[in-house]
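Next come two complexes, and both contain chain A; in the first it sits with chain B, in the second with chain C.
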Partner chain A sequence: MMGAAGEVWWAGARDGLVSASCRVRNWATIAHLGASLGPRRLRVALRKHPWLRKLLLVNRLQDRLTQSRCGAYRQANAILVSSIADTLREMLEGVFLHPDLTVVHEDLVPPELLFGMGLRPWMAELLGIVLPMLDPRACEPYIDRAEIEGIPSDLCSLPKATLGIVLQGQMPAPRAVVSSNMPCDGGMAQYTIWERKLKAPLFQLDVPYDFYDERAVEYFAGELRRLVAWLQEHTPGRMDWDRLREVCDERNRAVEAQIELWDMLRVRPAPMAAEPIYLANMVYVVARPGMRRSTEVMRSMARLARENLEQGKGALPVEKHRVALWNPPTMMFLDLFAWAERTWGVSLLMDMITFHRHPFIDTRSEDTMLRDLARIVMQGPMARHTRGPADNFFRDLFHLVDHFGLDMIWMAANVGCKNTQALMGMLREKCRTQGVPLLVIDYDLLDARVESQEGIRSQVDRFMQTVMRQERLS
Partner chain B sequence: MTGVVLDRLFGELCDDPAHAVVTRAREQGRRAIGYACSFVPAPLLSVEGIFAQRLRAPGTCGTPLADTYLSSVGCSYPRSVLEQAMDGRLDHIDGWVMVSSCDPMRRMVDNLRYLCDPRFCVMLDLPHKKGPHAEAWYAQELRRLAQALSKAFGVDTSDDALRASIRRHNAHLATLRALSELRKKDPPPMSGADFHRIVVASFTAPEDSLRSRLDAMLASMAEASGPEKRTQECKRAAPRLLVVGSCIDDPRHVEVVESVGGVVVADRHCFGCLPGLEPIAEDGDPAAAMAAHALRTTQCPRMMGAFEERVAYLMGQIRAWGADGVVLETMKFCDLWGVEGAALVAALRDAGVPVLRLEREYAGGNEGQLRTRVQAFLEAMGR
Partner chain C sequence: MTGMVGGCDVGSTTGKAVLIADGRIVGSAVIASLVDPEQTAKEALRAAGASVPGWAQGQRLDYLIGTGYGRNEVPFADENVSEITCHAVGAHWCNPSVRTIIDVGGQDVKAVGLNADGTVREFAMNDKCAAGTGRFFEAMSRILRVDLENFSDLSSRATRVIPITSQCSVFAETEVVSLIGKRHAASDIAAGVQAAVAKRIFSLVKRVGLEPVVTMTGGCAHNAGLVEAVSKVLRAEIVRVTVDPQIVGALGAAVLAERRWRGPRGQAGGRS
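Here is the complex of A and B:
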């Protein structure tokens, strides 16, 4: 029998081993990318797309997300970062080796249809999301570039940074672009400039304002049919309904694992938290649904949560508070919750981007698949909160408070998001009425010059001390 | 200019949406239906028993109440409307008809419902695309609105009643269009600010209450303006400007632009002559006709995939109205016009059209700065 000291030593060694093996895996992923592109193509790619160099920071990201965590929670984060790195490699290989099949899609337009047509999806906003994860200041030059070109400084920095990459000529050239009117005016409007700059054909899906009825499903399923026809006209892609069925079935399996994970989060202390919930969702349910790897990652997250649950352990050593984060996560401060966990015992259990009420896709016929995909797109993450009446924004939020037994709501009030800024007054009053403490974090999604990480930490500290009357753990 | 004096009523209506003309109509039993924005067909709100009033908030000095809810980083037009709704200045509005045109407008309606709970408030679900599917969708929305109006106000919104309303509205538009056409003359018979007063007033009062005055105005303008008198040399002296933008409903703003020597001959904005003065089809299904009119004539940047079409339209209007330059006015915090503005400036400059881009707030102000910017622009144009 191992003594208590031995157990601690063994746990520490195992944690170290997990980090080391993922670190090696990450280097292997980078080497793999270089090998597949070959020296000449790699040189050209690095010159045309200098942001590729940021991938070398992947192990630093892994450290930020694993060092303060332990056991299954640490392992989940390490697996997640390594998997994301490898997924990114796959996507980059698609872009550089098969540009003819590459179709850019807006982040809220899920790519199942593109997979079904044998095309290579590249998420338009991917770089604006991934680069600040690797380097919090990575998007600043692109934001500046967009502003120099006349894009208003008050526009949300995600479309602004994305536009900056396009205007800088650093966005991989696609065969076609597919976007929509989601999630907001700025996100939608940016594609005018995409179209002009990249000279690529553009199709924009039109999501109705009120999308919770059959009339909207019918209209939007029609939009998806028109998209398929348009893609067949403008790309070499051809719809293979059997392949789409496989993609949808795979997606269903990943969501099944996700729902299992969510069920476990209701337990106190929660056996999993933060990135394995929201980052895994962002990459493997939103950006890459229907891939075998997506199911594997979601199952790994659920398996590791179950491991903790069976041992009666929480993800955090001390779970003092359970939180939902509303609005997209703070991409320029991705390790906010790694810090909040060790400083205040705050466990992030759910967020706006992750929580959904999507149906499993009924794969019995082309029509059922399109109709369920229509529902998924219209009711997609964030889209259903920023479209439609305000009730869409609040209903999910207060449901989460009850469902997951949350102590407070953190609102990541991205200054560029005018849509949700215009709901802040109502949100404050509703939280007050329901007795739910609300922290409003004033910041910019991608631009640390507006509010630094230190500034965000101070906002959290002040809230925890004055509103929650808590003492710091460390 | 011809020296024709504009009826004072037009200016008064611009300053006061609850003017005596409006009050009188309400005392006679007609209900005022406030609406925004250009996509809402006025004839549907102008059947017997009700009249349409485009929602405006003139005289707004600040928006402290609205800022609490909408935040100060949103478009100042919906903030101003909400402010006036909250402080009672829009109490003469009996019903609200809004459209999901942009994020700030949608959120304004959310907050209006939360804070003021108006008895009648309908949000029309407006597609972001043109084409037959979108028109069919929007026509259905208009039918839904017609039913709701009928139920709430007991008015007749049958197809026949709507067709009659469309005919009256078309007659009204024809007068405005004729007035607008006069501005193609050089020199134009009226200033851009005066034309703006006429349009804004006609969006504010019941259309029938202005008909005789508008007809009289048109007759005197047409008589006074006569044939073009200027020589080519003279034309060079008075730069003709086309104002482009969103919600510009304060004629004093246009006055400032004109005070430094330019003359605004055409206005491609929500309260201007381009587009919107085109007649609506009078036969067939009225809802379908109004939906088609709204979606086919619009030049709003909230419509997806139509940028090149908008540029082509604008270039055509620049030629048609003999404009020497474009003043592009975008509302601060408007994402749609913010991005459109960047692309539009580049497209116009590529086409060799001088363009001045101004960022403004709904309530105006900063007259000195505005005057300096326009003056510098005219000098840069060589005027």
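Here is the complex of A and C:
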């Protein structure tokens, strides 16, 4: 029998081993990318796309997300970072080796359709999301470039940074660009510049304003059909409905694992938290749905949560508070929750981008697939929240408070998001009426010059000390 | 003397100290901040102690709480507590029916919503720019060539309010200089400055939700013109606290110090 000290030693050794093996995997991923491109193409790629160098920081990201975590929670984070690195490698190989098949799509255009057509989707906003994860200041030069070119400084920094990369000539050239009229003016406005700068044909989906009825579903499914026809005209992609069915079935399997994970999160203490919930969703349900790897990652997250649950363990050593994060997560401070966990015992269980109500796609026919994809986009996160009546923004939030037994809401109040800033007064009033403490974090999504990580920590500290009347754990 | 506790609020422009014994304020002081926050705290406590009969200088307090921006630089304090909490406790001690506090200090402005027990329900603050703070008033009074006390009187003599449209204190300064150049009356400009600051405070208070009774704390609460302008935009009476509004943060710290020292059972020396 192993004594208590032995168990602690073994747990520590296992945690160390997990980190070490993922670190090796990450280096192997980088080496794999280099080998696939070959020395000449790699040299050209590094010169034309200097942001590629940021990939070398992947192990630093892994450390930030794993070092303060232990056991299954640490393992989930390590697996997640390694998987994201490898997914990124696959996507980059696609962009550099098969530019003819690469289609840039906005994050609210269903990539399942592109996979079904044998195309290689590249989510337009991906770099703006991934780069600050690796280096919190990585997007600043691109934001500046966009502003110098006349993009208004009060625009959301995600489209600004993305545009900056395009204007800097550092965005890989795609065969075509597909966007929609969502989620905001800033996002929408950037695509005309994309079209001009990259000289790629552009298609924009029209999402109806009022989307909770069958007429809207019918209309938007028609838009998706129009998109397929347009892509067939402008790219070598051809729709293979059986392939689309496989993609949708695979997505269903990943979401099944996700829902199992969500069910487990209702338990106190929650067996999983933060990145394995929201980051896994962002990459494997939003950006890369329908891939086998997506299902594997989501299943791993659920399996590791189950492991904790069966042992009666929480993800955090001390879960004092359960929180939902509203608005997109703080990408320039990705380890906010790693810090908040050890400082205040705050467990992040759900967020605006992750929570959805239309999990599965009916794959019986072309029509059912298109209609469900239409529902997923129109009534999904971000789209629903930034369009239609204000109630769309609040309904899910207060449902989550009850469903997951949350004791506070953190609002990541990105200064560049006019849509949600306009709702802030109503949110404050609703939280006041319902007696739910609300922390509004004033910051910029990608630009630490607006509010530093230290400033964000101070905002959290002040709230936890004064409103929640808590003392620091560490 | 035993059972004496203290609160020390080390602010950006002034240091404030309050000493309490048997639930009563026995000494208080407001001094200009020194370069070193620790020295500011020491000096404020010394000045507060000087007015307490039988209190020997250098005698240790039974419990001391530090607050304000420089609170972490007061190593001899038993504890540090955020100024938001201290203002809430101090205002509640003065008047338990207070539900909204507007604290206009030297470097920031806060609106604090209180629960019935004096705990903080919600707060909002502007600590990113100088507009609407004591520093802003200092700059404005300098341009109008009056001291801070006379600035308030000046605005009360205004026959009209000249709108100041600039949100930023730097631009507001330029705007005021140009208004002086256009030979507008200094009193009307001063009233415009008060109104501009009141508008900023209004939006801050809206964030926490206005709930009467409303009070103002901080050094700028001495500015009667500002209090009147704030009352006007909020359409609410601003109730004065029963002590110098500038010491409310230090008072709250002292009240908390007494609670800590007495412990949960209200017995002296219960700090453990």
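By definition in this document, the second predicted complex is superposed on the first by the 473 of 474 C-alpha atoms of A that agree within 3 Å, B and C clash if a C-alpha of one lies under 4 Å from a C-alpha of the other, contacts with A are read in each partner's own complex, and residues count from 1 in each chain.
The working rule: a contact is a pair of C-beta atoms (placed from the backbone, for glycine too) under 8 Å apart; a residue touches a chain by one contact, two chains touch by 3 or more.
This is a predicted model, so every value here is computed, not measured.
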item	value
Touching partner for A:465 - first (chain B), second (chain C), both, neither	second
First, second, both or neither for A:219, with chain B first and chain C second	first
Touching partner for A:369 - first (chain B), second (chain C), both, neither	neither
Touched partner set for A:208, first chain B, second chain C, both or neither	first
Chain B versus chain C, judged by how many residues of chain A each one touches	B
Chain B versus chain C as contact partner of A:438, first or second or both or neither	second
Overlap of the chain B and chain C footprints on chain A, listed as residue numbers	424-425
Interface residues, chain A side, partner chain C - complex	424-425, 428-429, 432, 438, 462, 465-467, 469
In the complex with chain A, residue positions of chain C that touch it	81-82, 84-85, 88, 119-123, 206-209
Interface residues, chain A side, partner chain B - complex	149-152, 154-156, 159, 181, 184-186, 188-193, 195-196, 202-204, 206, 208-210, 215, 219, 222-223, 226, 386, 389-390, 415, 418-419, 421-426
Partner chain A, residues of chain B touching it in the complex	68-71, 73-75, 100, 102-104, 106-108, 110-111, 114, 123, 125-129, 133-134, 137, 140, 301-302, 304-305, 307, 330, 332-336, 338-343, 345-346, 357, 359
